[in-house]
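Worksheet for the structure shown next.
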Amino acid sequence: MSDNSFGRLLRVTTFGESHGPAIGCVVDGLPPGIAIAPEDFRQDLERRATGRTRHTSARRESDEVEILSGVYEGVTTGTPVALLIRNTDARSKDYSRIAAQFRPGHADYAYWQKYGVRDPRGGGRSSARETTMRVAAGVIAKKWLAERHGVRIQGWLSQLGAIVPEGFDLSVVEDNPFFWPHAEQVPALEAYMDALRKSGDSVGARVDVIAEGVPPGWGAPIYGKLDGALAAALMSINAVKGVEVGDGFASVAQSGSEHRDVMHADGFQSNHAGGVLGGISTGQPVRCSVAFKPTSSLRLPVEGLDVHGDVVEVVTTGRHDPCVGIRATPICEAMVALVLMDQALVHRAQCGDVGEVPPRIPGEPAEGSKKR
Amino acid sequence: MSDNSFGRLLRVTTFGESHGPAIGCVVDGLPPGIAIAPEDFRQDLERRATGRTRHTSARRESDEVEILSGVYEGVTTGTPVALLIRNTDARSKDYSRIAAQFRPGHADYAYWQKYGVRDPRGGGRSSARETTMRVAAGVIAKKWLAERHGVRIQGWLSQLGAIVPEGFDLSVVEDNPFFWPHAEQVPALEAYMDALRKSGDSVGARVDVIAEGVPPGWGAPIYGKLDGALAAALMSINAVKGVEVGDGFASVAQSGSEHRDVMHADGFQSNHAGGVLGGISTGQPVRCSVAFKPTSSLRLPVEGLDVHGDVVEVVTTGRHDPCVGIRATPICEAMVALVLMDQALVHRAQCGDVGEVPPRIPGEPAEGSKKR
Amino acid sequence: MSDNSFGRLLRVTTFGESHGPAIGCVVDGLPPGIAIAPEDFRQDLERRATGRTRHTSARRESDEVEILSGVYEGVTTGTPVALLIRNTDARSKDYSRIAAQFRPGHADYAYWQKYGVRDPRGGGRSSARETTMRVAAGVIAKKWLAERHGVRIQGWLSQLGAIVPEGFDLSVVEDNPFFWPHAEQVPALEAYMDALRKSGDSVGARVDVIAEGVPPGWGAPIYGKLDGALAAALMSINAVKGVEVGDGFASVAQSGSEHRDVMHADGFQSNHAGGVLGGISTGQPVRCSVAFKPTSSLRLPVEGLDVHGDVVEVVTTGRHDPCVGIRATPICEAMVALVLMDQALVHRAQCGDVGEVPPRIPGEPAEGSKKR
Amino acid sequence: MSDNSFGRLLRVTTFGESHGPAIGCVVDGLPPGIAIAPEDFRQDLERRATGRTRHTSARRESDEVEILSGVYEGVTTGTPVALLIRNTDARSKDYSRIAAQFRPGHADYAYWQKYGVRDPRGGGRSSARETTMRVAAGVIAKKWLAERHGVRIQGWLSQLGAIVPEGFDLSVVEDNPFFWPHAEQVPALEAYMDALRKSGDSVGARVDVIAEGVPPGWGAPIYGKLDGALAAALMSINAVKGVEVGDGFASVAQSGSEHRDVMHADGFQSNHAGGVLGGISTGQPVRCSVAFKPTSSLRLPVEGLDVHGDVVEVVTTGRHDPCVGIRATPICEAMVALVLMDQALVHRAQCGDVGEVPPRIPGEPAEGSKKR
């Protein structure tokens, strides 16, 4: 990972500020022959977008993706695919007041301390706007994973503030603005969010993601662990404060005899591991969970420092999400997809294509390097 | 991160299997002039070592560090420092039986699926033995961070199975074999572990680490986030299933007005953020928490598959930890230290030494690139 | 280096095809506070551009740089700077005929073999058009190097076909379209190029670059050598077949007593090394030389293969340079500048700012890591 | 490339000083199932070793390779292979005098300026001793390339001082201590070297390397060019001042109609390109040439500076090569092998195994991403 790029072979680089002329990304290392069209990006960008319901920021971006390179006659050519989205609904005036103030809990202060200069318009680079390009890049990864390996990735909101699902049905997740897996609770969530918005406060959320169909063998021991890559990728999303794989922190209170997933001829009988053992995928569904903190841009006044070190009252106007976690589901899915595709390519490099690897009987000589 | 290396400028590469001739690491990118002697590694390696108490594996390694390169007349020269530790207490016979079996919950199966060949002796590369070199490398990072930046790093066990501290006193952590912050509970923990060991089962644990004195400005936006690097580094430790920064998953149920850390002239009034905002350190203590699963190598018989796909009864003999989390504290400290030092170097590269950066007043012209 | 990015801390990623909608680059890792404006790019882009003289391709691009991100109130903010240039003079029809043919000496065939698909319009990604973004990124590096370290970088054409300079005066290099260091020869070069263009053939060229003011200490031993980085960067330019540092291949016939540069109190008495010893800059001017092959896109008919493996007559129409080396001077300068800035940042990370390093007397203890 | 590592997927990290306890390397990313034994390293290490003939340094090292990790039951397991060689013939006393002096033309001064501290014993890290591990790592790459892809790599000395081969026969290269391709000249070379050694001076050399059987498609456009990787790798060898691919600098005076390699149904009719077009292998033999400067460690007295800045007479005793280029042939072969294997893995990651890629007819739809 470098500052604005990630991935070892599938390299995603993003750029752009919230209220600059545009945001974009460069996706390098894509295999040739992947069919891509601007329409492919619509659905996931729509799922992530603001301004679709009253429960997210009122900012309304068209999010029209322009493919600048790397695609010829509808398919990837193996050269870098650059995607560009123009910012159309930027309102810099909203932010002029806080240019000289630090919003408690916001990245303002940290950026200022690091760089000595910052773009205050809409949080500049630290805005959730950047995640748009993660979702766009993720669309390509999801497509490749599905077509080549049959991998299906689905996320949902598993906690909103203190509210947890009272039932679980993945088929309803896309039918409500909260990506909530239990339809009966949706009205209650609507009421909860309405009250929260009126209060001017915000709340956190938890998002779960599952990837089914991941073949065994992706990832690597030690520092190249699949779960390590997932943790870095998910923690890189704004406002994320925690990441779990499989049972995560619940494993702490478990016994080994309870946690270990028994395998029969028909496969694993449970999935406490979350599909990863020793940093390598097992063939079980890969399952992770992400904690989003409540956003810090609130209408509620609070004491803060200004650039001169004086204490001032900070009130954040502008347009903000009372709960960023709500539309984080497609972002988490995208990061999981990008990590999995990168790992698939790294695995193919070292061990050849999935299924090519012939396990050997201990004690017997290996078939030699010709196999790889 | 590559498979067996991590860090952008401070590059740590480890090698070696549990029962091979030796384990070692290469630490590249170290500034010149750091005083290092073999004795410097003793204390932390002792804290991590097995065989010191009945609560850890009985394996007894001398863990004598040989400095092979990069040090001349007692100080680093800027060339790579290679450290080597010979394995002296390897007992391969213990593992012969399970060479053709897959222990449920163990990395055996994943390695087999990925590589088609594996070293079954003591778990080979997937053994906790590898973490010895992380601790050794971490010793150098801790020293540099303390001497140059006054950073102090301390970890402790914050949960053992279902047991949580009933009091908190960092000064007692080093006085008990559990790195437990509440002395009165130690006898109860001893009893708990004795019973667990007799039962042949294992249990998970949670380790917390705090780094005090970290200056603001370390880390980077987006994919180079300090917390992202911490997450990847901590998740890369064997048996880790979850990572939190600051309030972590507890943030989900918090309101924004509760979570955001207010800053006064005398600094932050709280630390829900865990010392990181927007991926960049704030000057607050950096605080993270790590979840360790219960180990899967148990004496309790369990059904498992063998390399032929047949179900067999798996019983793991050999020497194992009933709770790997107990001696994970120095490992977590080491990973935090290595990440912080790497980030310090990356920050110095882009922005110059800490304190060199003159914040500017918005609207006024910057002092120009001469400053950097 | 990855496929379309280079640099360790100053990461430059380029994208775009010759006849696609646009070309662009992302420059990541820039220190904050560097003043940048669109006008800054004009001069060097003009120096590299086609269509300015009859001696280069007739393609006429406006090369208007749009700064998409990373700059606020005229200075860099430390976030990635994305630059975009729209392609305005693309004529795809020119290339339709060769879509199914492989031009001998051209990358067509290699791309086809690697990817199984390619963008034939103007050579797609393999076009010299890509170098436009190297020059743009190089402008920022040149500015930082000059302002912060007083480094001055100048290139010139040191050979055109078989013609070599009969005199040497850097002050005239910018006054002729050939970047030639001897004014008297310019008319002869004009005549030579006119004849070459009429003949439909092409010729190679050699470009020299010198960087003065480079402080000692940049670079690293072994694989991070400054000259190694220069070699990779220069060899990555289209049509380059050789790279030399200092006396280069002439060193082969030299004796050690002749080659070694003697140092007196007033500095080095010669510069056979080209400013680099052991991979690290010495304080002498950094000097390198680059060989450009003759372009393969010729009007002269030649036998070639088509995608079906049949031999066909290949005639390249379209607009091409009879000698790409002529306008390669600013490209080589840009690559040297980008490498030097990257190395300056890497050095600052490990050893602190230039001048900070206090050499020590052998035998005496080092001042310890506090210095770094 | 980082300071002491190189390769994207096949990562080689070396460590160790000339007169430290040992030198070693870690080779990460190796495919599993490659048969390796200590004996495999003998031949190439012997070819590179000093003390075998009077024409190289008198230092006599046993160069016994210990395999520390990554190999089980004779084959690679996919985990890092660490190789260690103890230094047995170190004579530090030889170097005590020059500890406070800078030898003109030697890396002493540059190291001192960069780090402020250095290991003066035998040149420390800058000694040719480091190249031993390149050769060892190269042995594994050569084996894999030969077994899996039928790639054969052979180098030879193509110039010694001003002497060039008067005939060319690869079959005699291994029969003389100079890797010279024309047997009749060997006596003259012996006489030349004897006179040179007596004179106390040194001379440069040129080494050529050819890799036959490289399939088309390895490498990448732009910054990931195969020739760029070769240039960086070869320039990273001590004393190298220039690198050429194919006709190299000779291309400058060639015409395009002369340089471009025509392809018939039976393949290429010439190889001016040196097997690389657009950064990607063509299927032609990959051919490169390397320039080695004369060593700077001479018995001949010369003025130099000491660490106090005073001019002193420098006389280098100790054991040195009058021409390092003589035993550089296996080193160059090793670097070419390591680069080719790394590129083979990177290519397999993006495009699948060699031969898997089905070229498509322009205009027809691609078969879609399932192919990759």
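First chain written, first letter: the chains are A, B, C and D, and each begins at residue 1.
The rule we apply is simple: contacts are C-beta pairs under 8 Å (C-beta built on N, C-alpha and C of every residue); 3 or more make two chains touch, one makes a residue touch a chain.
Chain by chain, the UniProt names read as follows: A, B, C, D = Chorismate synthase.
Note that this is a predicted model, so its numbers are computed, not measured.
Student: Between B-C and B-D, flag the pair that has more C-beta pairs in contact.
Tutor: Between the two chain pairs, B-D has more contacting C-beta pairs.
Student: Of all the other chains, whose mean CA position lies farthest from chain D (Chorismate synthase)?
Tutor: Between chain D (Chorismate synthase) and every other chain, the largest centroid distance is to A.
Student: Calculate how many whole Å lie between the centre of chain C (Chorismate synthase) and the centre of chain D (Chorismate synthase), each centre taken as the average of the chain's C-alpha atoms.
Tutor: Taking the mean C-alpha position of each chain, the two centres sit 25 Å apart.
Student: On a C-alpha centroid basis, what's the spacing between chain B (Chorismate synthase) and chain D (Chorismate synthase), in Å?
Tutor: Distance between chain centres: 37 Å.
Student: Determine the centre-to-centre distance between chain B (Chorismate synthase) and chain C (Chorismate synthase), using the mean Cα coordinates as centres, and give it in whole Å.
Tutor: Taking the mean C-alpha position of each chain, the two centres sit 43 Å apart.
Student: Indicate the residues of chain B (Chorismate synthase) shared as contacts by at least two other chains.
Tutor: In chain B (Chorismate synthase), residues 2-5, 8, 14, 29, 32-33, 73, 75, 78-79, 111, 114-117, 125, 221, 351, 357, 360, 362-363, 366, 371 touch at least two other chains, as defined above.
Student: In their complex, what parts of chain C (Chorismate synthase) are in touch with chain A (Chorismate synthase)?
Tutor: Going by the criterion above, the answer is residues 2-5, 11, 13-17, 20-24, 26, 28-29, 32-33, 66, 68-70, 72-73, 75, 77-82, 84, 111, 114-119, 121, 124-125.
Student: Name, in rising order, each residue of chain C (Chorismate synthase) that touches chain D (Chorismate synthase) in their complex.
Tutor: Of all residues in chain C (Chorismate synthase), those touching chain D (Chorismate synthase) are 1-6, 8, 14, 99-100, 102-107, 109-117, 120, 125-126, 130, 159, 161-162, 201-206, 216-225, 227-236, 238, 240-249, 251-265, 272-274, 276-283, 291-298, 300, 302-305, 307, 309-311, 325, 347, 351, 357-363, 366, 371.
Student: If we count contacts the way the header does, which residues on chain B (Chorismate synthase) are in touch with chain C (Chorismate synthase) in the complex?
Tutor: Residues 8-9, 29-35, 73-76, 78-79, 143-144, 147-148, 221, 345-346, 348-353, 357, 360, 362-363, 365-372 of chain B (Chorismate synthase) touch chain C (Chorismate synthase) in their complex.
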